[in-house]
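Have a look at these structures, which come just after this line.
Below, chain A partners chain B and then partners chain C, in two separate complexes.
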Partner chain A sequence: MTDFASVPESPEFWGTALYIVGVFGLCALMLVLSWLLGGRSAARARNEPFESGVVSGSPEKLRLSAKFYLVAVFFVIFDVEALFLYAWAVSLREAGWMGFIEAFIFISILGASLVYLVRVGALDWSPQARKARRQREEKQT
Partner chain B sequence: MSAFVDWLSSPVVLAAIWAMVKAVIILLGLVLSAAWMIWLERRLLALWQDRYGPNRIGPFGLGQVIADMIKIFFKEDWTPPFVDKATFILAPLIAMSMMMLGFLFVPITPTWGVSSADLGMLFFFAIGGLAVYAVMLGGWASNSKYSLLGGLRSTAQTISYEVFMGLSLMGVVMQAGTFNLREIVEYQQQNVWFIVPQFIGFCVWSLAAVAVTHRTPFDLPEAESELAAGYHTEYSGMKFGMFFVGEYVGIVMVSGLTVALFFGGWEGPFWTEKIPFVWFAIKCLFFMSSFILLRAALPRPRYDHMMSAAWKVCLPLSLINLLVTGAIVLWNHGA
Partner chain C sequence: MTAQQLTALLPFFVISATIVAVMLAISVRRHHRLTAFLSVVGLNLTLLSLLPTWLAGTGPVQVTPLMVVDGLASFYMALVLVATLGVMTLCHAYFEGYRSDREEIYLLILLGALGGLTLACANHAATLLIGLELLSLPMVAGVAYATSDRRAVEGGAKYLVLSAGASATLLFGLALIYAATGALDLKALAAILVNANLGQPLVLAGAAMVLAGLAFKLSIVPFHQWTPDVYEAAPAPVTAYLATVVKAGVLAAALRLFHAAGAPPSPLVVKALTILALASMIVGSLLALRQDNLKRLLAYSSIAHFGFLLIVLVAPGSRSLETAGVYMATYLITSLGVFGVIALVSSPAGERDREKLSEYQGLFWQRPYVVSIFTAMMLSLAGIPLTAGFIGKFAAIAVGVESDLWLLVSGIVLGSAIGIYYYLRVISALFVPMPGYERVSESMSWAQSAGGVMLLLSMLLMLAMGVYPEPLFLLARP
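Showing the complex of A and B:
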């Protein structure tokens, strides 16, 4: 009996644990079952990456548009700031008006940086849009 | 032997066993409802397009799902030689398991629901973040150009919408004062459903939810007109099936969360004590069908429009909603 004394007694703990085990077990079972049951076949041109019937031109990895890195960086910046707001949201009543003013300043900075990003065109997706913006600015000056 | 029987029949152990049985039932219910959602989607789409849809196997074609499942299990489990094997197998596993784990904290009825821990909502955000890895790894590991482009698009889209997905729900958290989903539901039953005071939050959240589950109109990662099948181009057999089922589990999960967060969970206009599950199921079914209606009704937006909608409209909107809600809650609290 002593072995079980250190184990959490909350029934919810056991339900949660079994649920998590069940989720991964079910996924693993599906993978293994289809691996066991599935057929095998071979053909001449099947072991090539799909490119709509065209023979793959360059086997090396694609070079990625820098745009995606930019989005990832924005995500890190804004999501980390959002985390602070989660903490504020749940403790709103304890923080009171003082906390509200602080959060207001914080959100203003967040909003200002967002406006800045929009103004410099960091959130314009297509190169055309960036080009058009530059041309407009040149015309103005 | 009798000591073991005594231990087994002690109330603590019985409660634990009952909780485990409930967890298994919820898990199976989730997977089965996700599987039959494929049938529901095909039938509803057919209905709205003046077709019949699958109606051959079993009553109303309900057996179609079983037939498809048997068929997909016997498909070749093909791992192409040009892929990165470990991540290629890991990706569908993440896709499906993360969506299923998201259901962990959804309160179904007063007594049903796997867990009601205080971190419910935060856990959901974490799961949403981890689910990005499925498409990212799937696209990258496939070593195919369509897959990589689809995976990249999908990653950028999902993380863009995740930024304000959390923020859009913070109005709810402010009013209820907790991350615990069960307490949020109970708060709504004492006051008013959050759809009324948090309407803006609901609008932003539903956009984010559709984007995070990669459903039309936000299914650009798999836009077949330009990317073949996106990140799962190289997937076939059950691995493809797991991406597919994961998507439907995601719809069920998000519908359950929407019901819990904005529509009072199991509360109904009458008989709330008697048939709480029926109310929960009806509301869930309504949102699941709305996902399908969205697919039937709306065309796909352009990718750059979608990204700028996320950053330039939804993010500021949810920040403003947050501030206004905070001010109102504090005003009422102080008075």
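Showing the complex of A and C:
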């Protein structure tokens, strides 16, 4: 367990402390200086965020398709799964053939689930594709 | 890895291969019967793959620090697999008339079974957590399977949030214990529970959180609030799954956590367990009294039952391991029967399952065979002699008497006494003749379906356990 009493004596501690104080100090300094030195004016549109001359829309009224959410979640899931491969990649030689077989199984299961997702139509997010799939399925049954 | 270790892991390989095969089969062609057939074949193969290790009798096989395959693990793996098979046959009968996609439920149930197997073999905090998540996350989707039903989705969301909270509590508890002692191995954790004292605040806080997390999954009072709601919202086969497989898997892990040290846990932990057990017995039984909904009633009855079962965690030893096995097996077969009947008399085509007690009034005069099975199972839940439930309760009381846990024993007696009232209330409702009803058998189709055969078998097994329990005790002996 770390001995907390001895921590302040280590040189890294003072360096880190100085850094933290510096970061907050710099932020405070910039905010205070601009508040003291900057001019102020009030108008109706002053407080709106400015984005390249285009009036920004109101995001609470924008309707996003739930399909995008699904695709984003798939992306996150596969991304996280791919992360595990990095752990294998850095220990490739140490893991040996056993590790290779295990990684192979892992990747093939990932591939199989991708096949499943494509086949059940989780990835066609355009309305036309979904409509076509539904018609195809109705024809089958 | 040696050949022996690979053989010990064979069930995991077989069930994982089954899961991938079922997934690919669905993606090639959606076919309800084919998917069910593949899953059942895979589960049977998994059950067979338990045999080599069990027959070899080489004692515990340690596979990496994470897992151990011993007698306890084999017994609970077998329980999980048999219960999953039962639920599969129910699913097949229940979802046949379901209009939307019905194949994925098998995938979810298989994934849950894999989690159950992992829990049964868990020998490390990491495996414990992975198993727990693998067991409960697929069931979130299972509870909300009928996505067009608002109630089911609500139940699923409830289960998701609450069970994630419970898992986080458990994880935090493990982290606290790890911070204080550096132990992650279940055997080391068990020793820590034995030696816990007031001088170790981190360990005590961690132990309390671990206990809370496990108690949530076993639905012990005061962590039981989700049980009736989720049981009610889930389709009947999924409810059966929650009541059997999930409980069996978590119980196996809890047993390992409390028994691995071979000595009773410290007085502080015993006190906490006793309070939880007594609260579950009394609150579960009392709340069940006023239920008009059969699924909710059974949820409260399961809360009371797991209160009874906690006695085996308080008094470790080979005797209480045996008792836990016997009690779990009898409870499993009985709940499978009860929820099976609910699944068979309901259909997903309707708005909701047949679950109101009033809908069961006089059902005997229309479906005499199913209701006979239902009656026998209810009597078993009540613990009437000659049924399996009696044997389980008897063994639990015997453990309590041997270890001088009189408070818990009197709790079991009181809880059972209240229990008889509400079980008999259901049974009497079944036999009340309804004016205007024709006394004809509604349909015989249940006998042809696999679900009916499964129910009949489980009733026979239940009666066999109750009349001649010797083999069951031998099997459950660690």
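Here, the second predicted complex is superposed on the first by the 81 of 141 C-alpha atoms of A that agree within 3 Å, B and C clash if a C-alpha of one lies under 4 Å from a C-alpha of the other, contacts with A are read in each partner's own complex, and residues count from 1 in each chain.
Just so it is clear, a residue touches a chain if its C-beta (ideal position, glycine included) is under 8 Å from a C-beta of that chain, and two chains touch if they have at least 3 such contacts.
Keep in mind that what you see is a predicted model, and the values were worked out from it rather than measured.
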| item | value |
| --- | --- |
| First, second, both or neither for A:Ser41, with chain B first and chain C second | first |
| Chain B versus chain C as contact partner of A:Leu92, first or second or both or neither | first |
| Which of chain B and chain C A:Leu29 touches, first, second, both or neither | neither |
| Partner chain(s) touched by A:Asp124 [first = chain B, second = chain C, both, neither] | first |
| Chain B versus chain C as contact partner of A:Pro11, first or second or both or neither | first |
| Chain touching more of chain A, residue-wise (chain B, chain C) | B |
| Partner chain in contact with A:Val73 - chain B first, chain C second, else both or neither | neither |
| Chain B versus chain C as contact partner of A:Ile107, first or second or both or neither | first |
| Touched partner set for A:Ala132, first chain B, second chain C, both or neither | neither |
| Set of chain A residues, in rising order, touched by both chain B and chain C | 118 |
| Chain A contact footprint on chain B (complex, rising order) | 7, 12, 15-20, 22-24, 26-27, 31, 72-78, 80-82, 89, 92-93, 96-97, 100-101, 104, 114-117, 122, 142-146, 148-149, 152, 155-156, 159-160, 162-164, 166-167, 170-171, 173-174, 177-179, 228, 233-234, 237-239, 241-242, 303-304, 307-308, 311-312, 315-316, 319, 322-323, 326-327, 329-330, 333-334 |
| Residues of chain A defined as touching chain C within the complex | 98, 109, 112-113, 115-116, 118-120 |
| Touch list for chain C against partner chain A, complex | 1, 20, 23-24, 26-28, 101 |
| Touching residues on chain A, where the partner in the complex is chain B | 1, 4, 9, 11-16, 18-20, 22-24, 26-28, 30-31, 33-35, 37-41, 47-52, 56, 61-62, 64-65, 67-68, 71-72, 74-75, 78-79, 82, 85-86, 88-90, 92-93, 96-97, 100, 103-104, 107, 110-111, 114, 117-118, 123-126, 129 |
